[in-house]
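So, here's a batch of structures to check.
Each of the two complexes below includes subunit A, the first together with subunit B, the second together with subunit C.
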Partner chain A sequence: MSNNLLEVKNLKKSFGGIQAVNINELKFNKHQLTSIIGPNGAGKTTFFDLISGFQTSDSGEIFLNDINITNSHPYKIARMGMIRTFQLTKVFDRMTVLENLMFSGSSVSNDSLVKSIIKTKRQRNYENDLKDKSFEVMEELNISHMANAYARELSGGQKKLLELARSIINNPDTLLLDEPLAGVNPKLAEDLLGLIQKLASNGISILMVEHNIEAVMKISERIVVLSEGSLIADGSPGEIRNDKNVIEAYLGKSND
Partner chain B sequence: MVFLFNPEGALRILINILTFAGIYGLSAIGLNVHFGWTGLLNFGHASFMGMGAYVTLLLMPHAAGREGEITTTGLPIIVAAFFGIAAAALFGLLLGLPAIRLRGDYLAIVTIAAAEIFRLVVRDLESITGGVYGIISYTENLQKFRPEFINNLSLNYEFAPAQAWVGMIAWISIFLTLLLLKRLNNSPWGRALRAVREDEDAVRAMGKNAVWLKLQSFMLGAGIAGLSGALLAFNYGSLETTVFVPLLTFYVWAIMILGGVGSITGPIFGSIIFWVIISETDRLAYIFFENANGQQLAGVRFLLVGLLIMLLMIFRPSGLLGKKEELLLDVK
Partner chain C sequence: MLDQLGNGLLLGIIISVASVALSLLYGVTRIVNFAHGEIIALGAIATLFLSSPIDYRFLFLDRFTPLGLNFVISCLLAVLICGLFGGLLELLLFRPLRKANVGNIAVLVVTIGLSIFIRHLYLLFATGRVQNFPLELQRRQTYLFFDMTPRNLKVLIIGIFVMVLIGLLLTYTKLGKAMRAVRDSEELSSVSGINSDNIILITWISSSMLAGLAGVFQAIINDVRWNMGFLILLLIFAGTVLGGIGTSFGAMVGGFIIGILVQVSVGLPFMEGHTEAKNAVALGIMIVILLFRPQGIFGKKERIS
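Let's look at the complex of A and B:
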């Protein structure tokens, strides 16, 4: 089996006159923790939206596990095992933390209207298992004491944890994390980093957009740098740290 | 209030209120599946009621049109009602297919327009639907099954037995519908609908087909509305298209808001309060405005409904029975 996780070719997306994404070729390997960095407006989130199906590309192709997923529906891509989170945390506000997790963990066939009317023993057993599984995940992320709280009552950091919990409940192959550390206090950021590393060491492939460069340097195996929609650098944290293009993109060109 | 201002014929009035409250309450329960559970802003609810009513009536023996052309053959009422409900659900699906990808306000605009188109088409298809002349002579299909005890009671107490029978069926329908919805509310399907209501993008990101969930919700709510529409037709005794004007939709919305959006039993209480106001304020207003004419008095009831909704929004925005934590009408 090939080691290709995700591959994009000639991917382009523009909004009005602005070229948000323009990438000739980019490949991601399985079982790797890759970070995508770049200045604000570099096209990182748009890139995530394109590969997760939330936006359609103007041209180009996207392959997940060598299957062409260009312009597929988001839910179909998610069912292939690639789950994303959002820059602005999206939790189900007026549902409890437990319901948030049980919904996310529930299979499509378990959600069926007919089964929900008949309420077979099988569905009840499935729901009980799902509840146990939800508590396992909540315990792993230290939010089990909030199980019956409504998600809207959670703090920003707790919502980030809930979103992450929701993303991993179905054991995805791949996680797309859009700024998992944004707006989180330093202690929680530390915990989240540890969690992300743990998930990566469990074999989950992770793509992460993050502004916290220190954290990115610390945990990434590979870093991809975007600027104005294009790829400007790609390499190990050590290589990126000393890359002239990257320094320019972040700090501006020097005058001499 | 009923007994205070009109001791004679009080039971007749009470049964009238309860029948209307039951029928409109049932419709509001359907709307609640759309808006309360799934967050769909459906402003075309009257058309689902209309579809249910027309299909049910036209499949049974009836008379229609200017000449009162009589159709003597037809299906038994249970079968006709089943098709009426199914037609309303199917109409929900058809309307939903293009419209349901729209968000919030846009869906509201599309549904209110579609409902008006439905009404105008029904009005113009005179050869089938009777057009502006409407449909008559269909109530016997239901009334021939009226239990004897209603007739006996109506001999001793003054009320209309035919309406009491329709009202009874409306409340039985409410009971059965609520049993079904209660079951669904605590089910994985109900949970999925609420997730759609909260955040469609997150639903998609979890690998769930949000559009299909919304369509299912649209069909279920429309089906419930279809049944209530058929009952409304039996309550009126004759049917024509003006029944299904947008005002009907807004009545049902008012009922749902009064009772508590998202609450399963809320619409019933909302409906009873609404109908007490609608049918009793005339008498009350007459005490204060002695010289007012009927039309002016009628205005007072809408004033009261509006005032009540305003007060609710200020002091109890979750409605009478809604949960504060799941407050769905955030007016701020």
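Let's look at the complex of A and C:
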């Protein structure tokens, strides 16, 4: 097995006249915590949309674990073990926290129409296991006291936690986190960072888009910088911190 | 007033089944389907075509000969035809519109156009005159505190049975949960490994089958007309909104309430000689209820943020 998690080649996407993404070649390694940063409009979210199947590319190819997933359906990519979150937190509003987790955690094969009506012992065991596991994840993220609350009643920060819980319930190989710290208070941000680091140390490969540079510098093993859709820098936090292109992209060219 | 209760229950079951169908579709796809009435009429017209005796000459402009099949089989086939029709609508029309990100209002206007188009196809090719199913006449009998014909009682019971079954399926099966999930967020469902296109297709098919069943009921209880679905469409909308839009259980109860209110209001003293105005009382009451419970009887208040 190669160490390639995700590989994109000549990936292009434009909206009207704007080139949102234009990346010649970019590889991500397994079991690494990589952050993608860049100024607003750099194409970070579009890049996430392309690799998770939510948008189709104009041209180019995307490989996940060496399998070509270019323009695959989002649900197929999710079933391959790459789960994403969204910039604007999404939860199933009309389900409880527990139902959110059990729904996302249930495998397709165990949920045929017949099996959900006629419950065999095996099916009941499966559901109990799933419930136990949901509580395990909720304990870990400190939301188990809200198990029976409807997701629409949660605060923004609690929804972030639920979203993360939902993403990890299926033991994904890869997480795509789209601004996991946006709009949460500093204390929760710190907790979330700790959780993300813990997930990474458990062997989950993580790609993260985040604007909080301090946090990114602290936990990333590698940082990829996009600007106007193109790759402008790629390296360790130390390298990125001193990169001239990056400083220019964020602060504009100095006039002297 | 009470002598109208039987009629109220019968109108109630038609509207109730049709409202559940409309609400199911709206709940998952956010489409307000004005062509819903035409799918209802398709159920009735298809049954008429399948079951009428072969020598029945006045049907279908003398162009097509009815098939003369067994009546129950005809009803079942008609419901399947409606499902097929709904599935084709999704595949050929509404899915492409969705993929092109056409807005809700535009889609609504499309359904209005579709409604007018299909309705007039019926007028052209099917039946411009009022028709009846090939069933013998029955006498009304009294059951508990209402009276109706034995056949209509069967319709009532089958209708309630089907709706309870649908309710259980939606609540307890993965398919039902997936429908609720797609309703909350199509994107999030995809991330959870759900093929939302398939769920929406299944929703179209099941909604259309239910609508077809409502049409068969309406034709058994009353008669077959080219614009029969359109005539009760507003009452169906009323039932759906009254129960709380997007909730199947609410649509069931809301449909019954509207049906009973419409028929019972015929017995009001000031309505004597003005029965064609019967919808006014029911819809007036609906407006008053919504003033006090804007989310509908069973709708839930949402956190707005």
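Throughout what follows, the second predicted complex is superposed on the first by the 256 of 256 C-alpha atoms of A that agree within 3 Å, B and C clash if a C-alpha of one lies under 4 Å from a C-alpha of the other, contacts with A are read in each partner's own complex, and residues count from 1 in each chain.
As a working rule, a contact is a pair of C-beta atoms (placed from the backbone, for glycine too) under 8 Å apart; a residue touches a chain by one contact, two chains touch by 3 or more.
Computed from a prediction, not measured in an experiment: that's the story for all the values here.
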| item | value |
| --- | --- |
| Subunit B versus subunit C as contact partner of A:Met95, first or second or both or neither | both |
| Which of subunit B and subunit C A:Arg84 touches, first, second, both or neither | both |
| Partner chain(s) touched by A:Gln123 [first = subunit B, second = subunit C, both, neither] | first |
| First, second, both or neither for A:Gly156, with subunit B first and subunit C second | second |
| Shared subunit A contacts, counted only where both subunit B and subunit C touch the same residue | 52-54, 73-75, 78-79, 83-84, 86, 90-95, 99, 103-104, 106, 108, 111-113, 116-117, 152, 166, 170 |
| In the complex with subunit C, residue positions of subunit A that touch it | 52-54, 73-75, 78-79, 83-84, 86, 90-95, 99, 103-104, 106, 108, 111-113, 116-117, 152-153, 156, 166-167, 170 |
| Touching residues (chain side subunit A, partner subunit B) in the complex | 52-54, 73-76, 78-79, 83-86, 90-95, 99-100, 102-104, 106, 108, 110-113, 115-117, 119, 123, 127, 150, 152, 166, 170 |
| Parts of subunit B lying in touch with subunit A, wherever the complex brings them together | 180, 183-184, 187-192, 194-195, 197-199, 201-210, 213, 216, 220, 325-328 |
| Subunit C residues within the subunit A interface of the complex | 169, 172-175, 177, 180-181, 183-185, 187-197, 300, 302-303, 305 |
